[in-house]
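Just so it is clear, A, B, C, D and E label the chains in written order, and each chain counts residues from 1 on its own.
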Amino acid sequence: SSSGAGGQQSAAPPASSAAPQGSGASFAVITHGAPGDSFWDVVKNGAEAAGKQYGVQVTYQGDGDPAKQSQLIDQAVSEKVDGIVVSMANPDALKEAIGKAVTAKIPVVTINSGADFSKQFGAITHVGQSEDVAGRGAGEQLKAAGVTKLLCVIHEAGNVGLDQRCKGAEQTLGGTVERLQVDVSNLADVTSKVTAKLQSDQQVNGVLALNPAIAVAARDAIKDAGSQAKLATFDLSADVVAAINDGEVLFAVDQQQYLQGYLPITFLNLYKSNLNTVGGGLPVNTGPGFVTKDNASQVAKLAEAGTR
Amino acid sequence: MTVAADERVARVGLARRLLIRPELGAVVGLVVVFVFFAAQSPVFRSPDGIANWLDPAATLGIMAVAVALLMIGGEFDLSAGVLTGTSGLILVTLATRFGLNVWLAMLVGLVVALAVGLANGLVVTRTRLPSFIVTLGTFLMLQGVNLGVTKAITGTVQVSGLRRAEGFEVANAVFAGTIDVGGTSFRVAIVWWIAVTAVATWVLMRSRAGNWIFAVGGNEQAARAVGVPAARTKIALFMTTAFAAWLVGSILALRYTSVQANIGIGQEFIYIIAAVIGGCLLTGGYGSAIGAAIGAVIFGMADKGIVFLGWDADWFKFFLGAMLLLATLANRLVRRYAEEVRH
Amino acid sequence: MTVAADERVARVGLARRLLIRPELGAVVGLVVVFVFFAAQSPVFRSPDGIANWLDPAATLGIMAVAVALLMIGGEFDLSAGVLTGTSGLILVTLATRFGLNVWLAMLVGLVVALAVGLANGLVVTRTRLPSFIVTLGTFLMLQGVNLGVTKAITGTVQVSGLRRAEGFEVANAVFAGTIDVGGTSFRVAIVWWIAVTAVATWVLMRSRAGNWIFAVGGNEQAARAVGVPAARTKIALFMTTAFAAWLVGSILALRYTSVQANIGIGQEFIYIIAAVIGGCLLTGGYGSAIGAAIGAVIFGMADKGIVFLGWDADWFKFFLGAMLLLATLANRLVRRYAEEVRH
Amino acid sequence: MVQVLPGRDAAARDAGQPPGPAVRGGGAALTILETRGIGKTFGSVLALREVSMSVAAGQVLCVLGDNGAGKSTLIKILSGVHRHDAGTYLVDGQEVSFASPREALDRGIATVYQDLAMIPLMSVWRNFFLGSEPRKGLGFDVAKARRVAREELRAMGIDIRDVDQPVGTLSGGERQSVAIARAVHFGARVLILDEPTSALGVKQAGVVLRYIARARDRGLGVVFITHNPHHAFPVGDRFLLLNRGTSMGEYGKDDITAQELTALMAGGAELEELAHELRRE
Amino acid sequence: MVQVLPGRDAAARDAGQPPGPAVRGGGAALTILETRGIGKTFGSVLALREVSMSVAAGQVLCVLGDNGAGKSTLIKILSGVHRHDAGTYLVDGQEVSFASPREALDRGIATVYQDLAMIPLMSVWRNFFLGSEPRKGLGFDVAKARRVAREELRAMGIDIRDVDQPVGTLSGGERQSVAIARAVHFGARVLILDEPTSALGVKQAGVVLRYIARARDRGLGVVFITHNPHHAFPVGDRFLLLNRGTSMGEYGKDDITAQELTALMAGGAELEELAHELRRE
């Protein structure tokens, strides 16, 4: 409810509005998000928008396997890019690769998770909001809405980020949190599993989806099961915004991940041209924000455009 | 001399004779899994519960039946899962971004899906590369297309808003609606699934094409040698799978009114699993459509049953694996009892 | 009469005779893909770039070679990918949470991995269920175990901190270190990969076991009929795959010093893909270890080459699929030229 | 090695190009199949070189030769499984190059192959009608297929317990009988049989020979491969001798005696002689 | 149907239980294999019922019978492919029930199967030594395997171009020759041959018959299945007749003439007669 959507929005003007400086620099964004993941797609959009604006080349890659992610960093190092943006879901695994980049004098900005290790690994700054902080925020909101038993729907078993979101919610909710594993590539299956859970456990009075598509499927499930459970979700889509407007979804956690793509490119560009660093080693926080019925209509268009 | 009077044939009970059929072995697996969950969870065996686990079994079943035909014909289609996504994306994109009528958008989706199936079939039969590798190529390429095109058109990884499209209401009722049976609403997809299974069974058992399918899967060279149009049969099978993918993709798109670009990835193996549980041989030439349909139910029941029992989600996959293994084993033991050493 | 003088044998060029070997077909695919990327990206062909794409090719290659042996023997192992995760999790968990020496923890991991391989082999040979379905069961069950045990012990879905464990330095150098060649550091995994390929090739071509592997994959009944210990051969193959999974799991764990519970899921198919690109038949009885190793390089080059070219990540899968298809097609065309109609 | 009787060879070749039509049953025989200097290479293997032959309606051509002589390869070219890569192949005087066995079948050429026989997992009746299923409406007339398959097999002296049995569980001879019964049932103009009697009992082999004679009398051309001179001589009208991939000449029945034929096939070693040798220890 | 000569049957059965040892080559013959009332059922199919037989060292037992009589099933029980489900099976007087062909091989029983022959994708020499690879250090003595395979085949009159050729590309007879050469090479005490001559040319078949005689003379017991009376009579010492899964009796060579044997095998129809019939149109 505190995201101040309008204000943040001006940070992402259309690419043509500022004259590109055309430094010819190239930056690599390497995240732990699988291609096609709706959260990370917005990060990608942010980074690319910044790249266009500054006239720098931005490449985006993502892989949930830390080994693959570190190989992507190695590749960027051998390509001698001018800066690397990396999300650290698994800092231990990336330590060596990031170390190599730092040794090669390539500036690194860490994003999303891994704030605690950012400075230690030699990154110039950290931009983001760790997943468990976002999860804690969601837990608080749900608690305020009276949820005592929450179903946290995990659509990718073993994904660190998703696990951290659930854990964060667990810490602040105060009630019990049950996990449910579903298969994100088969929504009929998601609906049916959430329904099954709601049918067999009448105590559940809250559902937390970690992906907008799951949220839509869970909404149907709540209807099918005739349950009164409250539904909240991470991240936005046009459908979710509509559902929030209709009161079917209580709120959506909005990490404003657009900034996690946009800002690091800005910082790296400034670092390259002007040796600026931001935050003095302290992380730059991008959220969490919440989209509720109050501000849903404002962000609806933006979500549809892929910037929220 | 009538066959029954042949002194070289031992008298065998009806039960044993029935159990020899591939699908009836699967029925045993079905019963085992059903009893297991039904005994422990009253919700599981309630009409509402049944409607619930039959729903995903239906969409899985439609695909499993088509994939089973293809497997009997000796080929795989790894692109089938992603193609459901492609069909859905085409439907929603055309209807919402280009203002096409839903039915017209579905037609375009069908044409594209059939074209993909045709391409798979042509490449497999022309190059004689294994279909596993060819459709793997298609699988990866379609994944890229789904994501790339969706992003290019919408700027996000999903398209939505089908509800407002023209013609949605009727199409939704036909493909994604529900029917009331004794106060419980069942998904209409179940009807489609039964229809697909019935047609596939008829084709396999009672049509010339069915004979050809078994033959090209059992021994393609021998089949060609007696004049079976092997290439045409295989191409038709790939197109059948593509058709099923279009049907399922449309059902899901109409139901959720939005489609994500990564939908269907990984499902291709679930289809194959359901077909194998239902008694299809991976090497081709053997299996049944009803078996595959039952395999889908077994998978669906095990998948949902674990949730009904409320077992720890972290161990979900463990139970699922154990359950599938047990169901297949029960199937196999029964068939072995029925046929003894026959292989 | 010497063979060369037989009037029924046409003279055939050396090139053609070489190209008949399964692995030399794959070499052509390799050259095609390499030239494609090297022509466009200087980094790709630089020593650093080569070290880059050889690194994932090495771990993939170790698995692909083992999986190729198993496929030549007529079986699949879908649990191989997850088993790399299991081995790594055991290593890191025992070394960090229970204070075991790294070497001891690796030994425990090896014992567990071999036990899983043995179990796969026993169930497949005893029940005569298709290995696809048996190892699918193991795959799911191991997934559940990986997640369930990791969560139970650490409370999260990953374990880390191996760097501080006793014995880490040496083990890391042996399994996950780098070697300098002309100023470029190559991963030591490449050496392991070459060693595994060499041993596997020797076994296949020059040992009795190799003869048995081809035979059980080509026609198990016929092989049994001439006295080949088919069950023992298959069990040994499953254990070989498990061994490779342990090796790769340990290499990755020592290198990244942490393991996520979902690691390795989905990799099983990449192994099979690499083996098939390298010329293995999915139906068994044909293939080579070197071919599989080359298949891994082709996959690794395509996978990393696309990134070097800086193509849009959204379309990544599309290019990957097209590349694999082209590489396999090149391989096939060359082999067909070499053998003409022989099938 | 096959030892060719000197003189005969050339004579037969002269006489046989083109072969004089064998008049039989009152009708003038027409040449249906003919090859001229046909050849086939597999990779580096020259399986067949420069073979010329012809079959007329109402005529039985026996193809004889050692193992690996190229008999099956010739058959497979005639029936469209392989495409020849040298020479010409004429059907009804028209040059052809079949892309698939379907095309040969459509010309009325039915074949029993030595090694491409059956689909083991399919039932007997499905195998029997494979590729030529009787229709009933849109579908496959299953009842008719079952009945005809059973009857045809019974007529051959093979009493299958159950036509629903998978072919893979039949005995070797039973399986071969199914293939022969099928070819005879569907053979329209030419019947090609590659060692059809090899796995058959004496009685069943006799039935097959009778079938061949009957097909011949009905005016079909028959190409018959066998290693058994006792089977070849009674039904053959002409004898094509292959050796190591090339033709050693085509003989008319009147040019050759049964003894000479046996001698040719056995390469000089007589079975009678062998019998003596075997008794001595 | 096989028509059994009346009286003979019972007489032979009396005389044959247990069979008198055939003295040959000066040594006293020992019974190696023996079955007593053996039977086998496949699902509902009774393939073999109550069959008793025996083979002694230095003796050739011919198993004769119509297609589907159960000959191959009997062979497969003897060589450990199937397990019998009735009666007893004795090797060297000891009751056995082989779990795998390996066990039979270890007892010196080598078999040529009718349908379980070769691995098509494997080369000739690999197939030849499959299951009994010559060692060289830790590995497989490839050079020796190649050489021996080529030599053994040449000795059979099969001149394979290239022992590296996949078996699947050999002709039917060449493939069968490889199986026979292998069994002869590895046969230690008993040689079982299921229709070994069916796909062979006259010359090659003669070589196989000579092999059988030679094995017999070396003191091996031989079980030989054939449909060709011209092959059976010269080498057989005893003749076991099967019909529709049951034994019709076991005959000594002296109890039966070649003519009677042919008559038994053909079920009364003589080939000579048939030849006449075939000439008439």
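In this section, a contact is a pair of C-beta atoms (placed from the backbone, for glycine too) under 8 Å apart; a residue touches a chain by one contact, two chains touch by 3 or more.
For clarity, every value in this text was computed on a predicted model and none was experimentally measured.
Annotation of chain A and chain C: jointly contacted by B, touch as defined at the top.
Greatest Cα centroid separation from chain B: this falls to E. With chains reduced to the mean position of their C-alpha atoms, the one farthest from chain C is D. Note: centroid distance chain C to chain E, computed from Cα atoms, is 45 Å. Centroids built from CA atoms put chain E at 74 Å from chain A. Averaging C-alpha coordinates per chain places the centre of chain C 48 Å away from that of chain D. Rounded to whole angstrom units, the spacing between the C-alpha centres of chain B and chain C is 30. The residues of chain D that reach two or more other chains are 42, 45, 161, 169, listed in rising order. Looking at chain C, one finds that residues 8-9, 143, 147, 221, 281, 314, 316-317, 342 touch two or more other chains. Multi-chain contact residues of chain A (touching two or more other chains): 35-36, 157. On chain C, the positions that touch chain E within their shared complex are 1, 3, 6, 8-9, 202, 205-208, 210-212, 214-215, 218-219, 221-229, 281, 285-286, 342.
On chain A, the positions that touch chain C within their shared complex are 35-36, 44, 57, 59-62, 64-68, 70-72, 74-75, 78-79, 90-93, 95-96, 156-160, 163-164, 167.
Of all residues in chain C, only 123, 127-130, 132-134, 136-145, 147-148, 151-152, 221, 266, 272-273, 276-277, 281-283, 312, 314-322, 324-325, 328-329, 332, 343 touch chain B in the complex they form.
Note for the complex: chain E touches chain C at residues 79, 81, 100-102, 105-106, 111, 113, 116-122, 126, 129-133, 135, 138-140, 142, 159, 161-162, 169, 182.
Residues of chain E that touch chain D in their complex: 24-25, 42, 45, 65-69, 71-72, 114-115, 158-159, 161, 165, 169-174, 177, 195, 198-206, 209-210, 213, 217, 227-230, 233-235, 262, 265-267, 269, 271, 274-275, 277-279, 281.
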